[in-house]
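Pasting the structures here.
Below are two complexes that have chain A in common, paired first with chain B and then with chain C.
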Partner chain A sequence: MFKLSDVINRSLLTPFNIIAGIILFIGLIITALRFTGGLAAVTNLSDYNPWGLWIGFDLLCGVALAAGGYVTSAAVYIFGMKKYHSAVRPAILTGFLGYALVVLALNYDVGRPWRLPYPFAVQAGTTSVLFEVGACVLLYLVVLFIEFTPAASEWLGLKRARNLVVRLTMLLTILGVILSTLHQSSLGALFLIAPSKLHPLWYSQYIPVFFFISSIIAGLSMVIFEGTLTHRYFAEKMDEAHLREKEDVVFGFGKAASFVLAAYFAVKVFGIAMDDNWRYLSTSYGAWFLVELLGFVALPCLLYAAGVREKNIRLIKWAAAWTVLGIVVNRFNVCLVAFNWHLPSSERYFPSWMEIGLSIFIVTVGVVAFKFIVTTMPVLYEHPSYKTPHP
Partner chain B sequence: MDFSTLQDFYTYTKGIAYVLIVLTLIGMAGFWLYLTDQENDDEE
Partner chain C sequence: MSVSRRGFLAWMGAAGITALGSQAGATPRHFKGYPQSLCVLHDITLCIGCRSCEAGCNKVNELPPPAVPFTDLSVLDKKRRTTAKTYTVVNKTAASGQEKKPIFFKTQCNHCLEPACASACFVRAFTKTKEGSVTYDASVCVGCRYCMIACPFEIPTYEYEEPLTPRIMKCTFCHPRVTKGLLPGCVEACPTEALSFGKREDMLKLARERINKYPGRYVDHIYGETEMGGTSWLYLSGVPFRNLGMREDLGTTPAPELTSGALATVPMVAALWPVLLTGIYALSKRREKILSGDKQNALAQAVAEANAKSQAALTAAMDKAKREKEEAVQKAVKAALEQSAKKTQEQ
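Up next, the complex of A and B:
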């Protein structure tokens, strides 16, 4: 439980606070430069490369890695796997913060961010895939916010509001799954418009399917990865149920991740076969593609499988961290490395230090917000006043 | 491979894809058994 006296008696000069403070300070300076000098003042973006690190990492990776919310709530409420119930709230929180930070990052990346509501309020481009992505992200952010309100309501003592939202759990879960299916795949579909710019090994008519399946893998792996970190740093906040169910979550999600990774591997090979792109595998881009496919898809699939069979929790946790890295590598490859692959190296994009700094700033904002919420609200433990199952 | 017509291209690529699909279906079933047989042994 959150106690004000604990905070007052604790020193604020911890290593975490100092490092986070420095990053936030530098991030605020970059923010001031971005909104006074425009995109050119802080980024290496150009007409050739209008989507850089902020789209490749903050948006594409952010959305994929926030998929744990819909994956976990679907497993528990739709497929009835109640033994993973303790993983729902942390996953919903990670999802909500992930999507909120995606929208925050978008305000930096879009040239005129005050026009972000235009597609909904002024001129709806309903034939655009980007419109669908924007609409789904907006709606899903609202759904995640509502799904998370029971924890905040319990903290604030708003019993009626909390009970009302708990009754809507199934509806919200179904909405979340529908919206996630739509926009996770549509983020891949955005690249269908650029067959001449994206390298053939990454471009495929099935790229929306690749993005959707990999988002499930990202969600499952992020729940294990985030659970590992929370158990390490917030173990004193966890109640008995969370500690008891922790291993079930790791083994169950590890098994699912292994199986979905195997399916993803097969679908990626179909992608090569359907476009007859085998000849590109012997090129330098082909070598990098094989590193991604074998090193970040096949390898974690086998690591997860070995971990599940041998009941090796440590191996599964390492596989989860490796898979999360693999998702980042995949999104970077699609958005940055294999994009504009035919251009001479002088025209290729590499992010400026301020773009990298701002991405680190946004991740830090997320970590600080997560830390604040799990130390104040009942996310890793059951609130004593609410004995009934909660979302 | 060089293809003279679009039909040649699709015959070739779809032919390979169908073979891969059959192999995948068998492989995925086997992989699922590999993932779960330890669990089944524990239950017995």
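Up next, the complex of A and C:
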């Protein structure tokens, strides 16, 4: 556990710290440029391309990949799958950090970040899908924060606060699922208003459904993917229950991901049929669409299924990493690749190195925060004073 | 009891079927604009590409001076779009192919009857006024640029160079002038009849009259009459609008209807999810209880069986003891009888 002497004795010049330090330093320089020179100084955004990497990756991918929180807590507390209990806290933590970073990134992207509360405090535009997204993300960030407080209060010794929140678990979980359903789907619904700009293969009246279902897949896969990384780097922080349940989580979540991917594949195909978009499949956009559908939906579905059937934990872990990449590909396609497909290539958008640099900066902030929290607070192990009996 | 077909459909709708698709927004209703609202008719066949409208717009809106003076027509050789410093631009088609002469046409905000930007804005920074203009209020704008994503005509622009106070910039239809009874800057500056200003109904009538009067001069299409539900700028052209780069595939659905179906599912999710999830929770809780109940039953049964077994063993042992005792008694009695019989024989 956390001892000050350990920190002092250990050298601060570890490879991790050096690399993270450089990235954070560059990030701060880009921050300074953004808030002195405007978006024009750091991004390739234009009047044709108002949304770039910071929306496509930091917002769309960030929210989708932070879905592990609601997926895991729903599985354990609502569906009663108690054997995955040890996965809840890490998932809630990454969910909370993910959403916090999404909000951090938005502060760079919007013109006047201090006005972000305006839709709720000054003038509400309730006809906007973005209003729904904003409201749900804000509320869900609060829910995730409360859901995470037990770990922090155990660390700080705030027994009464901890017990109060633990009693609210069911309420918070249900609230989390409602809010996640709404904003995960609404992120897709944002694009419903632009049928003339988004390629027909990606534009569908079902796009909210696609985004919601793929967020479940993202959540399941991220729990496996992060679990693998956490185990590699923080194994000494894990208690017996965590290590024992780890494989159950991989097999259980892998199986679930395979099923949900199959359903997702089916609705995607149905989406093409619904709008009779088959003819686009023979175009170059169609080829890229097939890469996404076959390579990043059908393939991981089969890999997961094979991994679960053969009890091949390595295969499942690779399938999880591939699926996470597939979610990123999908969000990029909707927001960047297939959006504005009608424009000539001279008017299209490609991110500047500073946009990419800031996105890496945001991810690094998340990794550093995660590292700090799992090495200090009871996330990967149960606090000895609050052990709960498990069946 | 009989249920009419319409009643049945309405009931199905209420049951949430409509919430699944975009059908919920497709109620038969069409907003034809505020009565008496104003409009500009742009007759592209009359545009000479003099850029006077650009100059007029720049002047009345107090926009920054242009990089190239408005009298320099060489800028027309390259396709231009509205920018944060220009609310309106004139473009020229290449003079090749079937059209012998180049065609000039003006682009600016079309002031939709049901604007996509206003529907998309989460702080209601845009307002469709009853005069016809779509105005923008920078004092609430967050700068999210969703209006630019939403606009099918790619009109709103953004002050990307501004670090802390960027605004959305677009044509205001000269709202302050129009409410004072003045003409919009561009209309006032136009030396030809390429821009006509008036009530939308009158402009539609005027456009139709011109098409009827000179069928050879115009294509039979008033652009903006129905595009995206209709706009407060209308266009007449001698060539198909797609040749000018104006989209003819936008459809007639007003932008707000594109998202109303998705927004209509919000209350459904918020109302039905808690019930469903609590139900699932109750089921999983019950399953757990039954499982733990089974465990207790099994335990009790095992104890009972063990008890019964030991009871049986005890009984068997007692029986055996009893039997042995009886045998011993009988043996003793027999022996005693034998002894007494022996005794009597001896006597």
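Here is the rule we use: the second predicted complex is superposed on the first by the 388 of 391 C-alpha atoms of A that agree within 3 Å, B and C clash if a C-alpha of one lies under 4 Å from a C-alpha of the other, contacts with A are read in each partner's own complex, and residues count from 1 in each chain.
One rule holds for everything that comes next: contacts are C-beta pairs under 8 Å (C-beta built on N, C-alpha and C of every residue); 3 or more make two chains touch, one makes a residue touch a chain.
Fair warning: this is a prediction, and the values are worked out from it, not measured in the lab.
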Problem set entry | Contact breadth on chain A, by residue count: chain C or chain B | C
For this session: Examine A:S385 and indicate which partner it touches, taking first as chain B and second as chain C; both and neither are also allowed.
Result: neither
Exercise. Can A:N107 be said to touch chain B (first), chain C (second), both, or neither?
Worked result: neither
Problem set entry | Contacts of A:N17 with chain B and chain C, given as first, second, both or neither | neither
Problem set entry | Touching partner for A:P208 - first (chain B), second (chain C), both, neither | second
Exercise. First (chain B), second (chain C), both or neither: which does A:W51 touch?
Worked result: second
Exercise. Which holds for A:R34: it touches chain B only (first), chain C only (second), both, or neither?
Worked result: second
Exercise. Of the two partner chains, chain B (first) and chain C (second), which one does A:T283 touch, if any: first, second, both, or neither?
Worked result: neither
For this session: Considering only touches as defined above, state whether A:K255 meets chain B (first), chain C (second), both or neither.
Result: first
Seminar exercise, completed: Listed in rising order, the residues of chain A that touch chain C in the complex are 34-41, 43, 45-48, 50-51, 74, 77-80, 109-112, 115-116, 118-119, 122-125, 127-132, 134, 170, 174, 177-178, 181-182, 185-186, 189-197, 205, 208, 391
Seminar exercise, completed: Within their complex, chain B touches chain A through residues 1, 9, 12-14, 16-17, 20-21, 24, 27-28, 31-32, 34-36, 38
Exercise. Where on chain C does chain A make contact in their complex?
Worked result: 21-22, 81-84, 116, 118-125, 140-146, 148-150, 152, 154, 156-167, 247, 249-251, 255-256, 258-263, 265-266, 269-270, 273-274, 277-278, 280-281, 284-285, 287-288
Exercise. Which residues, counting only chain A, touch chain B once they are in their complex?
Worked result: 255, 258-259, 262-263, 266, 269-270, 273-276, 305, 308-309, 311
